[in-house]
Amino acid sequence: MNNAFIAVLRRDLLLAWRSRADLLVALSFFVVVASLFPFGVGSDPDQLRAIGPGVVWVAALLATLLALPRMFSQDFDSGVLEQLLLSQEPPVAWVSAKIAAHWLSTGLPLVVVSPLLALMYGLEPGAIKVLALALLIGTPILSLIGAIGAALTLGLRGAGSLLALLVLPLMVPVLIFGAGSVDAWASGIGLRAHLLLMGGGLFAALALAPSASAAALRITMD
Amino acid sequence: MNWDSFAAFIDMGGRGAFVWGSYGVTLALIVAELWALSRRRRDTLHRLLRLQQLDTDRSAT
Amino acid sequence: MNLFKFSSPQTFYSLAGTLAPVFGVIAAVLATVGLYISFFAAPTDAVQGEVYRIIFIHVPAAWMSMVIYLAMAFWSAIGLGLGTRLSFYMAKALAPTGALFCFLALWTGALWGRPTWGTYWAWDARMTSQLLLLFLYFGHIALTNAIEDARRADKAGAIIALVGAVNIPIIYFSVKWWNTLHQGSSINLTKSSMASTMLIGMLIMALAAWAYSIAVTLVRVRSIILERERRTDWAAAEIRLQGAKA
Amino acid sequence: MLEIHDLACLRGDRLLFRRLGLSVQAGELWRIAGANGVGKTSLLRLLCGLATPDTGEVRWQGKTIRQERESFHAALLYLGHAPALNDLLTPLENLHFACAAAGDAVSPSDCSAALTRIGLGQQLDLPAKVLSQGQRRRVGLARLFLATQRPLWILDEPFTALDVAAAAELAQVIAQHASTGGMVIFTSHQEADFGMPVRTLDVGAFSA
């Protein structure tokens, strides 16, 4: 079982490292989008502090969305995906590896960079930590849900906008509880409920998304 | 009977715009869907008929 | 096992042909009775006056948009599970009508909200979930249209319908949580004490919408069946017969 | 033993072929012939389970490949039209990954031996994007040396972009696999001398 998982994970991380310039582009997109809002909303500190978590989360959703097509398209074009579908090990194994590699190369950097943006929005240290923790739990869910959309829209013209239409509505709950956890912490309600719910969401996504993506890939390659 | 005159019925207690706005759009969209359905049926049949003739011509040659 | 007799496209094609007008008539009758009740039998509401009558199409539309999406997910599950092509045709035939009712629920909700709350859009929990459901419909329709190969389009549509259906309760409860967090408990559109005539009117209109959806779906599925099964002898004969008349 | 019963394949709106039957025994060599666009690649994809047939069945050792997916894929090697390479990886990394992902335990040294044997000894550590078309195909074909324990080989246009010497060596490898009880199904435009009988299946004969 783990032969294919490890092989695909190591290879995808190696490929991510070799094309790290693209990853920096995706990361800079996240920073640029998040720093656009003050130009539209004004630089009043209280207002920015209020919308900060929400803005960072929306930017994280869009950054993940931008990086999703890359999860399968390179292997789809080169024919590697065909060979993977013919592996004797179940497709859930290597699909999970691809999703994990995608999160490590595009999702985790968002978590690492989020304190920088949180400072830009004037959040106090405690809020910065909560935001990073919420992103840490939330971004894997975004990658998992996004994987299903990426598999379904593989090889279609206009796949980018179609992918956004498919997966963004499904990501709204993660956005609600992710951004909500910072407000809950700030207002003293405590963030346990939010993080527990997101944890539950993460395990549900871990259980369902890989097999749904594998089924979608098999259908796409049919 | 709630209404003493047709005008009162249309006025709908001063909210006619909203009530008839809702019912009117609903009726319009339902009629539009039924019309689109019949057009879709006609277009599909014509297209399939042409495809059929195409197949018979191709297999005839 | 004659249950599967109806799952063959040919027999279902003729069955749908006989049932569609029947449900059409049922829908028309129920709608007239419902409209009579909503405008003439139901009394004026003490609080909202006459504008509450929008409820007689707003609530049925909202229900139908949900019921049809779940029906699409049901047919998708059967299609993926048993591989019966007809189930995919049903899911494809349901989508447009579901999206129509979803839009109508939003439209009538907004027109009702304006005089009642003062704004067309108040991020009420139910309306916000309805908006997200509309996005799920658009996503399903856009995906199935973007894929040329009909078989792949069916199965891809089935997967997104199932994934969407799994997410509906999650979306609904997270939006409800988010809404009560930011706005306190939202004014419940149907909170006003439901006089029995109002309830009956609404139920009849809901049944009318149900019958209408079935009739429209059956008609639409017939042309989908003809399109997909055109190579079979019976479908070719039917196309020659109907094509000449149409 | 691979059996195909009453196979039909629909590509979009066009019926490519129907009622296609075939039975491949151990030690047999089958060439799939037919004009371009008649459905040769579609047939190969159906045989290896990548595509699901509209009607008909593909059976491996008596059971349909849908039921026995895992054991069938363990016994199959499919080389598609395009060599499954990633441009950023070297031939060695590509080959080693291809074997590991397919579930074969193969060491990097075996891979480099296979690559040198097929004439890519100097290109081992170059990124695949700098290789020529012929060299890229040979990286794909190098897997043949490492997949001898897989009885069924399905090869889509293995001889394209190969020079005469490489084509001769490939024919020899295929013939050797068939003679040791393997089965090879391939498509090819050029005639190749395998030094053994080659059965041919013309897909055009089954076209609608």
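Think of it as A, B, C and D in the order they're written, each chain with its own count starting at 1.
As a working rule, a contact is a pair of C-beta atoms (placed from the backbone, for glycine too) under 8 Å apart; a residue touches a chain by one contact, two chains touch by 3 or more.
If you're wondering where the values come from, they're calculated on a predicted model, not measured in any experiment.
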{"item": "Pair joined by the larger number of C-beta contacts - C-D, B-C", "value": "B-C"}
{"item": "Chain centre separation (chain A, chain B; CA means) in Å", "value": "42"}
{"item": "Mean-CA-position distance for chain D and chain C (Å)", "value": "48"}
{"item": "Rounded Å distance between chain B and chain D, as computed from the means of their C-alpha atoms", "value": "54"}
{"item": "Between chain B and chain C, centroid-to-centroid distance (C-alpha), Å", "value": "16"}
{"item": "Chain A residues counted as touching two or more neighbouring chains", "value": "222"}
{"item": "Shared interface positions of chain C, touching two or more other chains", "value": "149, 151"}
{"item": "Pairs of chains in contact (touch as defined earlier), listed by label", "value": "A-C, A-D, B-C, C-D"}
{"item": "In the complex with chain C, residue positions of chain A that touch it", "value": "148-149, 152-153, 156-159, 162, 165-166, 168-170, 172-173, 176-177, 180, 183, 201, 208, 212, 215-216, 219-220, 222"}
{"item": "Chain D-touching residues of chain A, taken from the complex the two chains share", "value": "3-4, 6-8, 11, 14-15, 18-19, 74-75, 78-80, 82-90, 94, 221-222"}
{"item": "Of all residues in chain D, those that touch chain C in their complex", "value": "10, 12, 15"}
{"item": "Complex contact set, residues of chain C against chain A", "value": "80, 132, 135-136, 138-139, 142-143, 146-147, 149, 151-152, 155-156, 159-160, 162-164, 166-167, 170-171, 174-175, 177-178, 181"}
{"item": "Touch list for chain B against partner chain C, complex", "value": "1-3, 9, 12-15, 18-19, 21-23, 25-26, 29-30, 33-34, 37, 40-42, 44-46, 48-49, 51-52"}
